[in-house]
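Sharing a structure here in structure tokens format.
In this document, chain identifiers A, B, C and D correspond to the written order of the chains, with residue numbering beginning at 1 in each.
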Amino acid sequence: MSAYLRKYNIMRTIPILNIKTENQTTKTITFNDKLCSRAKPGQFIMLWIPRVDEIPLSIMNSQKGEVSVTVKAVGSATNSLNSMKKGQNIGVRGPFGNWFSTRSNKCLLIGGGVGIVPLYFLLKKIVGDDKQITFINGAKTENELLFMSSIKILCKNQTILSTTEDGSYGYKGIITESLTKILRQEKFDIIYACGPESMMRNVFDIAELYKIPLEASLERLMRCGIGLCGSCVIGQYRVCRDGPIFNSKQLRKIQDEFGFSRLDFNGKKIPI
Amino acid sequence: MKSNSLETHIAGLHLNSPTMLASGIMSYSVDFFQRIAKEGVGGIVTKSIGLESRKGFENPTIVQINNGFINAMGLPNPGIASYANEIKKAKNVLNIPLIVSVYGFSIEEYETVAKKAINYGADAVELNVSCPHVKDTGLEIGQNPEKLFRAIKKVKNNVKKPVIVKLSPNVTNITEFATIAVEAGADALTATNTIHAMAIDIESTKPILSNIFGGFSGPPIKPIILRCVYELFKTVTVPIIGSGGITNWRDAIEFMLAGASAIQIGTAIALQNTKVFNDINKGIKSYLKKKRFKNVEQIVGLSQKI
Amino acid sequence: MKSNSLETHIAGLHLNSPTMLASGIMSYSVDFFQRIAKEGVGGIVTKSIGLESRKGFENPTIVQINNGFINAMGLPNPGIASYANEIKKAKNVLNIPLIVSVYGFSIEEYETVAKKAINYGADAVELNVSCPHVKDTGLEIGQNPEKLFRAIKKVKNNVKKPVIVKLSPNVTNITEFATIAVEAGADALTATNTIHAMAIDIESTKPILSNIFGGFSGPPIKPIILRCVYELFKTVTVPIIGSGGITNWRDAIEFMLAGASAIQIGTAIALQNTKVFNDINKGIKSYLKKKRFKNVEQIVGLSQKI
Amino acid sequence: MSAYLRKYNIMRTIPILNIKTENQTTKTITFNDKLCSRAKPGQFIMLWIPRVDEIPLSIMNSQKGEVSVTVKAVGSATNSLNSMKKGQNIGVRGPFGNWFSTRSNKCLLIGGGVGIVPLYFLLKKIVGDDKQITFINGAKTENELLFMSSIKILCKNQTILSTTEDGSYGYKGIITESLTKILRQEKFDIIYACGPESMMRNVFDIAELYKIPLEASLERLMRCGIGLCGSCVIGQYRVCRDGPIFNSKQLRKIQDEFGFSRLDFNGKKIPI
């Protein structure tokens, strides 16, 4: 059960400090926010685009009061956000939700597409801690593999396995094949996963098979972000408040829904 | 049946504790109902359900101001047909009263949805005639004496289970509407829904909620809603369920002393998390013991004796 | 005249800053008015004055709930004849507008007191038709469309100075009453008075205020009153003075963006002490500068453009 | 300008712990309250007698969480309070207002009737501090002289001058005569005064004559107790918030009113 402090949920409106283009569809947006700059990897914010929308976004990085999110344009809010200019105002609430544990030693991070955002943040935080890290990232094609150059620098003594569906970079294939391959050879203390839910469901099933503890970052529709409205519910959990990170034990309790169904904007259960 | 000092009766419904889940709070999923049942919730009111499904408003649908919230969800709900499964499932797995909250864009819709909800197994319906932000339902009926009367009457004539009416505080005189509701047959009153409010962001100079206006809930509205309950207790004889800003057992007692037979918890689930039901029930129990009351029903309306 | 970005105009009154003293707050003594004049208050509204003197209610007349207050002073005031001296003295020593708040138990009383206040030197009157706790004045007129119209009209016909009408938020639709007030001749509207509320002490099981009910003020009511101002700005063309929970410059800006031409400060004097006027004025000034507005009148109602 | 914290003004309802009869009309009532037990001499509380009234009372003593007030029955509220029983509930807000300064070395405390309550509290606090103290108390008659036995113990190395109008104890006469007498002989760093306002006005005039700084504790009708309602106003000051203790400089500013006029319950200026 994650903490919730009133001040986190009071919206702060602040100008965009910096915008970086990651690829054709994805940008990284940086702003100043004290509360969010203390966020832990896995936590998210609610970002308001005035008179457009308010959407949940994982925190990608935070340091010295500066906070970054990485946004893939997939619809009206994300497109509108990605076309904003430096200096324009956005509203921020958060950080919300729980975070990845960082106790384990031999870690496997597996992320697909924009799902690697919180894993990248996690990587940055744990990479100096004398841990053995394997980072598996995957995307449809090379230029959708995010943060590659930073990841290479961060992981110079660690393992990176990149996968593209079209083979334009790293292994050709889907990311879970890389996972199975490596688990056949090596044992890990923990797997951290974020990405499309069907991929994460596969990761879960594989992790169960190999009996490796998993922490997966889930996504659901979010409105309140603080455990009140019910939009993000999965089983007995609220992704915003009890998650977004769920461990193997919790995932087992929601295995009928995890990877299969979610609520739409009407609160109706629909297939994923 | 074991005697339990927290037992309460509302229009024939038997509640093990007077703390209920308010409508619209985490109320899509029966799994979540089970979670709070373990915390001792006495009864559950579902999200307000209409005839058709509704997407609700764009985000932001909620904004926090101090320790209160203004929300304009826009009644997102799957519609009664889809919700049937949840009602049935709830009745299978829960052994506490399930009250389906009902709204409609016409008197007929209220009737149809209420009838269906009861047929699917609901123990009662709560008519939401007080939603402050969706046009043509809620307030448009809750603020119109004649429509209010006809809507309630129609539902009453067509369902055999208790009909609770959730009143709006956004009226000049709430007792007038309460009287009408009771005359039309309401078995109990929920007092109240949220208060019409808004917030503006001074940096962007824009209203924050996509719908501009929303309903204010949480601790800031408590003294206002408490006054409503006090006035209603003087006016009507049907049980009153308090709803507005109740966050801890002291608030709960205050509402019961004012005249509430039970209380609903909404915003406090965000502020205190799901343990709030248990915390409140424990607090009420200690209070009863300390003050030597035999049961919670003894304190209902007690502050009216002065 | 030196240009001043905080200058505001309300129905012919010229205010050096948009922050005013709300009625009933520290408003018996001209010495105190002088004290807050040094803090930059733009205009002063006196305690509501009636034809006869009134003792008000027994204590407790005020109770704090979180950061809000519920008060039922009961309109203690010396009556217009005794207050004449203060009005005259105020006009001698103050060079900011003095607005005398007027209440009455009948339409005639409103008229008589208003006329006298203006004769003694008041720059304007504010009609308190919205006191939530004294019987037969205030709300009894403010919630009755026909009486409201006649009271305002009568005063307007008999005084040559601006007539401001202070509205109640305790109504189903505030714009309806605003429209009536303006049709009757109101030169400006104050939105709003306090919200009907109460508090119960759970230890003694008794209501705290001697009058049981009182008016809720301070930060908790801000989002509700802000909504009133926003609605009024859409409805009427006369200036609106915001009053309800304004505690800092951000609140003040929010009210002006919603449509208030000036704002009144009440409860914040307890919460922030008398420096609140200066603090707010300074904050508004910085905001205007940062956002490159020339003067405060430019931001009035700006949030309505979306 | 005295501090004001929100929590002070939230009413606490608590049972009466103890009641002590001081004389025919006056009782000392003790209760537990953490906030008030940290009050300083001169501060007051608002005490609620449920469904009867709420009145201002000076704090008479506070230690280890216990707080005492001493109440003289003069009307309906004080009579009703003094007829309450141990264990019955009262409501308390406060402490409010400012307090006596305690910097000066050679102090004269002068109090009349129930006005000695805050001076007694002050005495207790400063008596151990290596100060030279003269305590002048006065009343109509002997048994209206409050706390005499304690005061005697507290002041065993200090001066006590008691005055009664009927001469039943100490000097016969009015208290300000004692004051003049002693000021002709001795110089003091400060005078602290509390009592009927006409007496305090005399003390003020005498202190001005002898050029001795004065701190006087004023009384006015009080409703809110926190500087909002205006009931307690004197000149530009609010007795509840800017007082109740006023120094010579402040008293000079309000000398037209001090000792002469006050507001009644209607907010009308009336003679004292």
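Keep this in mind: a residue touches a chain if its C-beta (ideal position, glycine included) is under 8 Å from a C-beta of that chain, and two chains touch if they have at least 3 such contacts.
The structure presented is a predicted model; accordingly, all values stated were derived computationally and were not measured.
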Partner chains shared by subunit B and subunit D (touch criterion as defined above): C
Path length in steps (a step moves to a chain that is touched) from subunit A to subunit D: 3
Approximate Å spacing (C-alpha centroids) for the pair subunit A, subunit B: 36
For subunit A paired with subunit C, centre-to-centre distance based on mean C-alpha positions, whole Å: 51
Residues of subunit C engaged with two or more neighbouring chains: 65-67, 202, 206, 306
Multi-partner residues of subunit D (at least 2 other chains): 51
Chain contact graph, described as a line, ring, star, complete graph or other shape: line
Pairs of chains, among all present, that meet the touch criterion: A-B, B-C, C-D
In the complex with subunit C, residue positions of subunit B that touch it: 65-68, 70, 143, 170-173, 195-200, 202, 205-207, 212-213, 216, 219-224, 226-227, 230, 250, 253-254, 257-258, 287, 299, 302-303, 306
Partner subunit D, residues of subunit C touching it in the complex: 24-29, 31-32, 34-35, 47, 53-56, 58-67, 69, 71, 73, 76-79, 82, 201-204, 206, 208, 210, 266-267, 269-271, 273
Residue ranges of subunit D in contact with subunit C within the complex: 1, 4, 6, 9-11, 13-14, 46, 48, 50-51, 53-55, 89, 91, 93, 223-224, 226-231, 233, 235-236, 238, 241, 263, 265-269
